[in-house]
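Across the two complexes that follow, subunit A remains constant while its partner is subunit B and subsequently subunit C.
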Partner chain A sequence: MSSTQDAIREAAKNALASGRVDYFIGWTQGHTPSEAIPAFIRRPEEVDRLIWSPLCHHNLVTFLKRKMPDPPESRIGVCVKGCDSRTLVALLQEGLVDRERLYVVGIPCAGVIDKRLVDALFTDEVTEIDFEGDLVTARTRMGESKEFALADVLLDQCGGCYSPNPRYADELVGDTLPESQGKPQFPGLEEFEALDSAAKDALLAEAFSTCIRCFACINVCPVCYCWDQCVNRSRRPALVGQKVDTKENTLFQMVHMFHVAGRCPSCGACDRACPVQIPLYLLHRKMNKELYEMLGFMAGMDVDEKPVFQTFRIDDVLGE
Partner chain B sequence: MRIGVFVCHCGSNIAGTVDCHAIAERAAELKDVVYTEDVMYTCSEPGQAGIQRAIKEKGLTRVVVASCSPQMHEVTFRRCVEDAGLNPHLFEMANIREHCSWIHDDMPRATEKAYDIIKMAVAKVRTAEPLFPNEVDVNKDVLVIGGGVAGIQTALDLADAGLQVTIVERESTIGGTMARLDKTFPTIDCSACILTPRMVDAAHHQNIAIMAYSEVDRVQGYVGNFVVDIKRRAAMVDWTRCIGCELCVQKCPAHAPDRFNVGLAESKAIYIPFPQAVPKRAVIQTEYCRWFQQGKCRVCSRVCPADAIDYEQKDTYIQRNFGAIVVATGMDVFPWEEYYPQYGGGSIPDVISGLQYERMLNASGPTGGHVHRISNHEEPKNVVFIQCVGSRDESVGRPYCSSVCCMYTAKQAILTRNHCGPETNIFVFYIDIRATGKGYEEFIKRAQTEFNVNYVRGRVSKLYEEHGKVMVRGMDTLLGQQVEIPADLVVLATGTTSAEGAPQLAQALNISYDEFGFFKESHPKLRPVETNTAGVFLAGACQAPKDIPTSVAQASGTASKVLGLLSKDKLKTSPQIAVVDQSRCVSCWKCTDVCPFSAPEKQSQRDGSQKSHIIETVCQGCGICVATCPVNCISLKGFTTDSIIDQIEEALLA
Partner chain C sequence: MTAQTETRTRPVKVIAIVCNWCSYAGADGAGTARLKQPYNFRVLRVPCTGRIDPLLALKAFQKGADGVLISGCHPGDCHYSEGNYYARRKFELLDRMLPHLGVESQRFKYTWVSASEAARWQSVITEFVGHVQELGPREGRAL
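And now, the complex of A and B:
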């Protein structure tokens, strides 16, 4: 772990010192040692702030969406895990990021933790999380401490990850991991799929009834980039009502789902960003499963591929 | 705003299910509606005059006609209001026939629904804006894809009228399926004697260029201005030098299956399909050639008196511009071997397809016109024909009638009698006899009476070999008993299927095709040779199974439609096209990816950014970009998002 962290720092330092990039986006420690947050590093001497651990769940590609951020000509270094790289590939496929201006440091990733699972083990606020091999030690503000296996608190999509290694990178740090063989897994959908339509409707209506339309899910989404022009917020034409109720909330989430379909690799950023814990993974992961089963398509696997909904092949078969 | 609403009875088509008078009166209460009327036949001359009178007398600024599908009469009414001085796009059609009266029988509820449809049309016409067409120059050259009898006929008709025509043919010679036939029904005249002079006419016509051994690779552009990439396949023979002397064919030591003779004979690796080929040029089939496979030989190169052999030849691509495209790619024979294991699936030598038998009957065919058994070359005593193999058979996924098999079977039965004499027994197993053309029924009758052909009504369940015979086990449904015939030769009336690669060509041309790969016409009665892509037309069996007379008649019909289109120097383009609100474009370029016409372009803005811009003359108004744009900043003129939302709201609000 620490060798990968050193390698990231080294890569960032070289990229900044050589003038290859103007700034470098990685992860650093948050307010407490129990969380990582995105970091923007502008000087070589700052690189020691960068960290790498299973806390680094943020998909940093989010900061590249909408034609790369300001200033317009800046060159940017960025760290990507396997799933993050697929969102980057999705943007590259659409020509929405300029690869000449990017320096991508790819990190093979064995999984990041779901902080919500750790929090659930305590009644108190978790302020420190340490990793020792496959073992995790968490401590709370009041000093309570527990040890548990890393595998027990991974994000559910990390088990059986189909792309632990970056699909696109200028430089790879750390050792590549064995690629999952066989069919990709879409965990966590079994219960949902077993429901009949009415029960699915009821479940989603219940979930969406709590949405406060804070737009955290679409702001954090790396492949959602229309900003001010988003049809969800447009007044002319007024396609989605601004009233915060179950019906309009549902329409809003459905629009988001359809707009990222074929580009979303289920990184889960939306799900983790939601302050009211709407199970957004259900929508997106289910859509990805359908796309895989109907069209054999997985988002962001190959830079030279076209997004699935911008192509038509004669052998495309849409269901029976 | 002053809207007039005209509700059509369409005789009893609408009025039988919808109370037209009542809804005309009710529609008068709608906002902005100042005049309503119910009319017996709105599309009739007095009906249209009534609309024009109302526009003038009542000062109407918008018109709604509630009648049939816009497919049927939108053009009619647009012209009608335009003649009365209104912009034709200030008119809206409410379809209360196909969408209402024809599909319902409960009058009160149908009337209510018809009223809703009218309300929605009024809501839409309220926000309608006048639209004006553009004009584009027209290229008057025509591309004919496929050089069978239909393609040749269309090309000759167009060339005679003075247009420059290019025929692109996949094979090394034009002629298509007809070139392989022996005689044609119902006159028993020689197929080649009719066709080969037409092939030569096409070759010698100063307005026709034949590109054989070539394929359409890519089609861009739009009606009047198509840009077509044509791939000329490498023949390994320089056709500007080849004189078609066949010396190379005689000396070539490598054998290959003879596709022209459907495997009944062998050809050589260097190949000219038949003596009357046009153009008569040789092609090396590299997969069978010793030089290409084993790196030695070069006999053809040594014997060629014209020094035409070129082993280094590569596929070449050329780009040409055309104003119209005629698709005449014909059909293929149903691959019965894959689908009929009960008939031996191709493993019984004396069971052959109708086209193979056609070659056997042909005097210039592999047997010199001598009918014999494949297994032992003896003259057959019992010949059995089985109809509907690969036609009207849902078990093999072919529910359609191939339309030619009944007739060609009768023809082949008559020819069998002529070839084999009175001693031979001839049986035809049939389901029904389809003989609807001119002189066709009489032809069947002659086969049965004059030529003593035994017609047995029923399907054959099984063919199997026994004691050197092909046993034909079937049912005679008229006698109600099983029959078993020891046959020497069995000829399957194999059905027709779409030409290989037809769906791919349809994709390239952006035209519709059905589940069997046949191309779809725009309307079976009103636009039978047009496709839904303007400027692309159909001729012959690529549309549906057809016999020669029908193909040729349609080909001439197609030529007249092309002439009509290209008689103008400029074409008016539809003003119903997409337009981008650039202030909201997020430059994601999905529109450029999905557009089948390459209408959106990247347009540089003053701030250095690039935004999408639709080239007006290229856009066909299909709306794919509108649906694809994630920010909804592309709208289709005449179908704006706002106007559709207005319609939906009108429908939802009581």
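And now, the complex of A and C:
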């Protein structure tokens, strides 16, 4: 783990020193050693701020979204994990980022932790998390300490990850992990799928009634990039109401889900960003499962592939 | 009659989003030929099914439609060559997702009706509205 961290720092240092990039986006320690946050590194001597651990869940590709690079002509270095790289590939497929201005450091990722699962183990605020092999040690502000297996607190999608290795990178750091065999997994859906129509509806109604329309899910999403042209923000035409109520919130989330179809690899960034803990992963993962069963399609696997809704096959076998 | 039984038995409202070049002409032909059709559907004419964002169907459901039918040119016969091939993929996804969004699968259908198929239009719309009427009006739904 630390060797990967060193390799990231080395790659960032070289890229900055040689002028290959204007700045480098990675992860650094947050307010406490229990969290990581995105970091923008602009000088070679700053690279020691960069870290790599299973806390680094942020998908940094979101900073590359169309029109976001600041200044517009800057060259950017960026770290990507396996799932992050698929969102980057999705943007590359549609020509929404300029490959020439990017320097992508790919990191094979064995899974990142779900901080919410760790927090749930304590009554106090977790301020420190250490990793030693497969063992995690977490300590709270009051000094309470617990040890548990890394596998128990990973994000649920990390367990059966289909693409642990980056699908696109200029430089790969760390050891390549064994590629997943067989079919992709879509965990956590069985319970939802088994519900009847009315129960699903009730579940969604309850979840979406708490949405405060903060747009965190959309802003954090690396492949949702319409900005001012977003139909969700549009007042004229008023297709999605700005009123915050269950019906409008539901439509708002449906729009996000359908508009990222074909680019969304279920990285779960929206789910983690949601301040009211709406289970957004349900919808996006379900959609991806349907897309896979429909056309065998998975988002962002190959830079040369066309996005699923920008192409067609005359012999698509689809029922009416 | 109380307000509650009234809503349960009221005729359903169906939105038919149809392509200008095929299904609209087919539906028009059915009307001209005086073919008997249900009276409780509204037609929304669009230039091509490829233009239809799934949002239109979702918005219709949200605004109180009890069923949404989308119909365009048969694959291969698109006025713009390939619009309906793109549409087919989108609607298939929508069709698969709607049952999970609290909309029963029989409330949504996408199909193809050409300009000369007035009789087919009659059977498609009659059958679809019939299914939706069996399910009855949608009430108290999230979407």
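Simple rule for what comes next: the second predicted complex is superposed on the first by the 315 of 320 C-alpha atoms of A that agree within 3 Å, B and C clash if a C-alpha of one lies under 4 Å from a C-alpha of the other, contacts with A are read in each partner's own complex, and residues count from 1 in each chain.
Everything that follows uses one rule, which is that a contact is a pair of C-beta atoms (placed from the backbone, for glycine too) under 8 Å apart; a residue touches a chain by one contact, two chains touch by 3 or more.
These numbers were taken from a predicted model, which means no experiment stands behind them.
Annotation: superposed three-chain arrangement on subunit A; subunit B versus subunit C shows a clash. When the two complexes are overlaid on their common chain A, residue A:V231 makes contact with subunit B and with subunit C alike.
For subunit A, the partner that touches more of its residues is C, with subunit B and subunit C as the two candidates. In the superposed model, A:G95 lies in contact with subunit B only, and not with subunit C.
Contacts of A:Y281 after superposition: neither subunit B nor subunit C is touched. Judged by the touch definition given at the top, the superposed model places A:T246 against subunit C, while subunit B stays out of reach.
Of the two partner chains, neither subunit B nor subunit C is touched by A:F186.
Judged by the touch definition given at the top, the superposed model places A:Y162 against neither subunit B nor subunit C. Look at A:Y103: by the touch rule set out above, it reaches neither subunit B nor subunit C.
Of the candidate stretches 98-106, 350-358 or 368-376 in subunit B, only 98-106 runs into subunit C once the two complexes are overlaid on chain A. According to the touch criterion, the shared surface of subunit A, contacted by subunit B in one complex and subunit C in the other, consists of residues 231, 239, 309-310, 312, 314.
If you check the complex, the residues on subunit C that touch subunit A are 53-55, 58-59, 62, 75-76, 82, 85-86, 88-90, 92-94, 96-97, 99-104, 109-112, 141-143. Residue ranges of subunit A in contact with subunit B, taken from their complex: 66-67, 94-96, 225-227, 229-231, 234, 236-239, 259, 306-307, 309-312, 314. Listing the residues of subunit A that touch subunit C in their complex gives 192-193, 197-198, 200-202, 204-205, 208, 231, 239-240, 246-248, 250-251, 254-255, 257-258, 261, 283, 286-287, 290-291, 293-295, 308-310, 312-314, 316, 318-320. If you check the complex, the residues on subunit B that touch subunit A are 503-504, 507, 584-590, 593-594, 628, 630-633, 641-642, 645.
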